[in-house]
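In order of appearance the chains are A, B, C and D, and numbering begins at 1 in each one.
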Amino acid sequence: MSELHDECGVFGIFKNNDELDIVEETYLALYALQHRGQIGAGIAVNDNGHMKYYKDFGMIPEALPEAELARLGNGKIALGHVKYSSGETVDRANLAPLVMRYIKGQLALCMNGALTNYPELHDELKHGAAIFQSNGDTEIIAYLIARARIDHPSIEDAVCTAVKKLKGAYAAVLMSPSKLIGVRDPMGIRPLCYGKIGDNYVIASESCVFDSLGGEFIRDIKPGEVLVIDDEGVHSYLYQQSDKTALCMFEYVYFSRPDSIVDGVSVIKARQRAGRILAQLHPIEADIVCGVPDCGIESAIGYSMESGIRYATGLIKNKYIGRAFNNRKKNEEYLMRIKLNALKYNVEGKKVIVIDDSILKGKTSKHIVELLRQAGAKEVHMLIASPPFKNSCYLASDTTPQENLIASNHTEEQICQYIKADSLGFLTVESMREIAKECNIDMCDACFTGHYPLDVSDTSREDKYSQKIKD
Amino acid sequence: MSELHDECGVFGIFKNNDELDIVEETYLALYALQHRGQIGAGIAVNDNGHMKYYKDFGMIPEALPEAELARLGNGKIALGHVKYSSGETVDRANLAPLVMRYIKGQLALCMNGALTNYPELHDELKHGAAIFQSNGDTEIIAYLIARARIDHPSIEDAVCTAVKKLKGAYAAVLMSPSKLIGVRDPMGIRPLCYGKIGDNYVIASESCVFDSLGGEFIRDIKPGEVLVIDDEGVHSYLYQQSDKTALCMFEYVYFSRPDSIVDGVSVIKARQRAGRILAQLHPIEADIVCGVPDCGIESAIGYSMESGIRYATGLIKNKYIGRAFNNRKKNEEYLMRIKLNALKYNVEGKKVIVIDDSILKGKTSKHIVELLRQAGAKEVHMLIASPPFKNSCYLASDTTPQENLIASNHTEEQICQYIKADSLGFLTVESMREIAKECNIDMCDACFTGHYPLDVSDTSREDKYSQKIKD
Amino acid sequence: MSELHDECGVFGIFKNNDELDIVEETYLALYALQHRGQIGAGIAVNDNGHMKYYKDFGMIPEALPEAELARLGNGKIALGHVKYSSGETVDRANLAPLVMRYIKGQLALCMNGALTNYPELHDELKHGAAIFQSNGDTEIIAYLIARARIDHPSIEDAVCTAVKKLKGAYAAVLMSPSKLIGVRDPMGIRPLCYGKIGDNYVIASESCVFDSLGGEFIRDIKPGEVLVIDDEGVHSYLYQQSDKTALCMFEYVYFSRPDSIVDGVSVIKARQRAGRILAQLHPIEADIVCGVPDCGIESAIGYSMESGIRYATGLIKNKYIGRAFNNRKKNEEYLMRIKLNALKYNVEGKKVIVIDDSILKGKTSKHIVELLRQAGAKEVHMLIASPPFKNSCYLASDTTPQENLIASNHTEEQICQYIKADSLGFLTVESMREIAKECNIDMCDACFTGHYPLDVSDTSREDKYSQKIKD
Amino acid sequence: MSELHDECGVFGIFKNNDELDIVEETYLALYALQHRGQIGAGIAVNDNGHMKYYKDFGMIPEALPEAELARLGNGKIALGHVKYSSGETVDRANLAPLVMRYIKGQLALCMNGALTNYPELHDELKHGAAIFQSNGDTEIIAYLIARARIDHPSIEDAVCTAVKKLKGAYAAVLMSPSKLIGVRDPMGIRPLCYGKIGDNYVIASESCVFDSLGGEFIRDIKPGEVLVIDDEGVHSYLYQQSDKTALCMFEYVYFSRPDSIVDGVSVIKARQRAGRILAQLHPIEADIVCGVPDCGIESAIGYSMESGIRYATGLIKNKYIGRAFNNRKKNEEYLMRIKLNALKYNVEGKKVIVIDDSILKGKTSKHIVELLRQAGAKEVHMLIASPPFKNSCYLASDTTPQENLIASNHTEEQICQYIKADSLGFLTVESMREIAKECNIDMCDACFTGHYPLDVSDTSREDKYSQKIKD
């Protein structure tokens, strides 16, 4: 039960089968991506170069009411976006897709990511008389494309030229009057893949979308690739090669849905393997092993398989506690109580291993240990299916400031005392790499090691959000 | 993943600790009961005999907005209710609690259940000049109490007298100006229990509420008991003894939350035991056993423990698909696809046992088998953690008409062919009884056997809802 | 610009022309009656004895959204109601029509009025085991009819029997499975009339409804008359004759729309005549005479006709200031400023006569004088088109408590000083009678004279609302 | 009752008195301007260079809910805007104020007007890599200022430079981090004035705002003037002089509120004078003269003063029929019926003169004549307080296409026949000029004469809205 929030899920579809209801399909795809963002959602539809859109705050059913979807009509290409959930108020202007009119008609964009050179680009564009209506990265990309398009006869060229100026993480989907375009940053920090639903091409943050819609996965978009889909088919442009790649390890730990395959690695397999490795690194004499829902479950099953210790359901999560719940101003611990419940029948009188995906501030872990003890657990051993999280992320994971990360200023021993567990164990960074060893590309493990894959200059290390606001 | 819907969850609280925020506590309790009803919710608060309430349609955050809760103020006693979800439109007047003014001031009521002698009572009351503003059972009880109160000096006596006239299932919570009262029908068809949160007494449909609120379970309310809580403490009246009791078996199969203990039996234990017995009844050579979320999971773990076959996650459920989703008018099969996804990594090339809680119409099972085959399962064996469901329920489970129950007019062989499984197995009625053998009271197994615990006369066998509307 | 609020507008329609959209017609009728109540609205439709309804808070477009109206379907008979606006919070259960099920199927009711024997009837009914879900008069009438219906073979008889028990003001419209029924109290305190729209019969609080819908006025319902409309036509029952009648004078002064004709007197004519009489009683040397919108306008025109002094627009009212405006918590005087504006062009340097319908607390008058002076008026003479308002109303006008009525404890001289006018004049009670001399029935002038037409016992003189709540 | 719609009202305030609640003041000001636009509203607040805003669809209470206003906090400068009502769907991105971030921090803008060189400017900016998120004129101005600001050290200079590129009508209010700026186009086509509320400076579309807020009018902003308000006071820049000015005549006929003074002429006086002139041009033997509410009332009073024919209220308007009403899909004529009602008492048996502000399509006039005849008028003479409306407006009045303007292709005689009046008379263009002869500036009478004050090239004569969308 991570305290980490991912930034957004993206989706695009290019219709080749006239019978497809493109808004319906995009709406359903967003449901399969809802875990990547709960603060807002949007859909844009392109009917022969004329684009309509609707976006609003809330989970999908609130954000995209039937009546508004009906007004979108039908079209040949569509984009969909879910926006990440965060404590900060997000301005309405930051919702996506961004639909704009420029020299070549209309263009729509949405992305998952964060630009580390946002301040420089923002500054440069303002000196070129740009006006910004949001404080988001998407608007930056829109301007760069608009600029590049002046001199480039094709949208593909303009996009390639524009995105070369970007630094940071970005998995974006764009829609020109006649083309659907996917772009992944040269390090491949955020996932992006494409597939087919019948004859129709789709681009999405995660492969689970294709399964949900009854389609099939084709392949991941490569780091530094621009993928263009039009009436002639699929075209690939490797606009920029990086000597290193850096897929975010947290996609396996927490962000992606277990049924997704990210850059060649099944998420559920990675989580199971994390559990197996934990069993090797931290053999514990216990009666049962259980997982913290949702992400710790598979690691607990993996631990059970490796160790022979019985897997059991130790905690259940109230599936009705959503965003709206937080309106009641109870203290955080109280909220955790209503959110999780320990299963006395499985836990009472037992030595319990409990596996969670990560520890950020440590409060959740502390609460879980307490819950299990109250339910009668004789011993509670907490294992974490990732290494200690020590460094803030500047690449599109909405983490808490570094000073709040308990592992950044406490030893494992101290954390164990704080959460009042009988023992505490983590994965090592090496073992973390092991769990995703079949991954096609390299990994970013900066949150564990502090080795950022690209320059996270002083400027961008400041809280990105306040930076933009102050600007 | 049952196609069955329970009717309502009830909650009441009597405050002894002045610092308790009684509306807050009721609100959180309803979250723990949300699984018992998603169509509407309500809270009534009693401040020294003056009652305020708010109730509306929707899940808790929609139905009970902060601003309305604020208007309820504080009080000494409160009731909370969640209303069942059903395809039928429910009139606003049917939402609970029902707050009324009668000869002795105000009275509030809410219930989980269904009266089989509703038509007779309705008729009798109308001949006594009653007017009905809803078509619900709660209003009937309100009138009977109002009548009884004329001659009875105490609310306890009046309640006892009134409910003796009722036939059917009812677990009700009432609030008079100074008392909180719980009533359970003489057969104990629907669950009801009480406990404490600190110094404060609470009555609830399920014990999971006490855990969620950090309180403790005291005991189940007995069949035929009226439990009265006031400033002097707790008083019990056994108003009516029945020679047979009949707790609904489906409380273990599907309705109750796994962390509840109903009449002495842990729900999770019952589900695990169902899995163990399935392993004895239906030994299958398979690679993995998995459960259909949410209710099939524990039975799959039980099967695994008994058989030694590895437990694995075979299907994941989209946790964001809620009530609002159904607004999109896609066909049912399509909706199932977005709702469930098979985990190829765990399933591919495997002989798979999949356990679900029940089969009603059979469509869901058919879809699950198909999903698992598409994900590469070599064999799919479907096991059901309950006996064939052959008879409609008239006691507060909102089942489909009997002709739609596949087991009422097909053999197990035919069902297996219909759902396209390699094999299909059920629990027997005897084994079903075995899983809940420690239950304090007897069981109703009418849905499996057709032996209704009380007269379900021709009148009441008609569709209850249309009956009331036609009236 | 009275500080007085009327209680409700009622409407009923009996369809004889199959093509009529009965919900549409009722909806439009409520627009014509919106001035009689802005706090809530409701419509009930009767399709062959099966009634559907929708009611909610707010002005018509908020209270009756299109989607809900669509669900009402069509029918043969319909009722509509607008509820009065008041500072008090009105419980949802008090919205009308009240639709109920009783011994003879369904019945729907709505009314404009107030029962002075509410406490006695409430008490009596409670002793007969009645339960009350609202604190409104309508529910009392519903019970009385339900009781009477036990022994009476026809709804007409039952209604006649029931309403004989009522004391106070009531203009009610009812709908049984096959009949539309209008009832007016024996004194005719509140108006009620009927007419035709094409072949369809309609009953309404005011005749302006018929004009709006393109229909024609037939006649006022008589004091003490029950009017029944069914497939056979129109039937009249004079259920109770009173030796005195007492139409509320304020219907002419303020409540009714100027284009209505109430008991034979055109409202606009009454207001003009009031102006003429003011000119006779209070001849003033002035440059212009203006009216306070909306109700003072016609009296000002009347004064001008009689006196020859030029009529001019002295004040304009912001037509966008509605109920929602009051949410901003500005002080009352501030709100008056944004609500009214003086027209400097017409007023500057002039001796101004300004006519308003009534003075209750006096604050509005004071503000108006100030506005006119600020706009440059040399003199401001305030005339009131009714006598001094000295006594609270207990017959369905939601007046302020008597101690707040400035005329109840100040001389005209003192009021004039308080509002800072150069002079102040009222109508006399005699002249008030003169303005409506063609009225078919007698008048209630209790607010001016204190002579209530029926016993307003100590009980009912208490604040009626708190009374009901305390009960 | 014109069928013409104005485009927007603007407001800005610069606070010098710390106690002023700037959001409250802006909110109230928008109420006084609501008649200039009902489709949406917005407020932006500037707290030390950091701007917050809220804007949404609907009338003020819907568009600007209390909770959102509370989030705006307080500030030194604020803008407010009401958007015009039109049949066309307006995109959310077109709501104002537009708040943007550019090279010099934040800037907010809102305007009333229409640019005739929108296509050229749009095109030019796109070639400079601009991206457009709306299809409104405001975004164009924002870009021009952003461009100009690159080379201009002061916002004043940049604004002056930028707006020189504009052609068309524009009355705009802007807010930089420290300045409030008003701009009026060189012809002064739309009104704009400024005043004080206590120590605080305000700019508004109409002077009625100052009266409503208890402030005072200072003067109109001059054609071609940029007015800058900052901590040092008020600064005026005459950035561009035009040899002709062209205030829209319809501001007197219909758009402005009667209590406003526009460029030296009282609106109410202009309307009265129109009535006087009609009396000279069209002497008619009649019993009464009445006006069509709201705009025809004062002209009817003027006619009465000049002719001696008695003024009477002939028609009343349902003040509750607002925007929401139109959701019911009744035919237009039906809607007119519920909107207006003739007063039989004043009209029956009379020869009636009825004065309206203008005729566009003619349907409303036809309906009015019919209403009066149904109410018993012996004769109905329709007079129009403006000349025949023959030409579409391209300068911010949302008129119907020219082919729908009845006067563009029918003689007065034919129109009279169509509306079935006994006679029909208009003002002449000369007399129209006469009514506003004290106006400080010249008038635009293009709608009557076809003499547009600036080039309305083929491009811009096309429907402006579709033009922008097609783009």
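Note that contacts are C-beta pairs under 8 Å (C-beta built on N, C-alpha and C of every residue); 3 or more make two chains touch, one makes a residue touch a chain.
Just so it is clear, the structure is predicted and the values come from calculations on it, not from any experiment.
A.B. asks: Could you find the chain whose CA centre sits the greatest distance from that of chain A?
C.D. replies: C
A.B. asks: Could you put a whole-Å number on the gap between the CA centroids of chain C and chain D?
C.D. replies: 36
A.B. asks: Averaging only over C-alpha atoms, locate the centres of chain B and chain C and give their separation in whole Å.
C.D. replies: Each chain reduced to its C-alpha mean, chain B and chain C end up 48 Å apart.
A.B. asks: Suppose each chain is reduced to the average of its Cα coordinates; what separation in Å results between chain B and chain D?
C.D. replies: Their C-alpha centroids are separated by 60 Å.
A.B. asks: Which chain D residues sit where two or more other chains touch them?
C.D. replies: In chain D, nothing touches at least two other chains.
A.B. asks: Judged by the touch rule stated earlier, which pairs of chains are there in contact?
C.D. replies: A-B, A-D, B-C, C-D
A.B. asks: Contact residues on chain A for chain D in the complex?
C.D. replies: Going by the criterion above, the answer is residues 50, 98-103, 105, 107, 126-133, 135, 139, 142-143, 146-147, 149-150, 469, 471.
A.B. asks: Using the touch definition from the top, list the residues of chain B that touch chain A in their complex.
C.D. replies: Residue list for chain B touching chain A: 24, 27-28, 31-32, 34-35, 59-62, 66, 208, 211-214, 257-259, 261, 266, 268-269, 294, 297-298, 301, 305, 310-313, 316, 318-322, 324-325, 327-328, 330, 337-338, 341-346.
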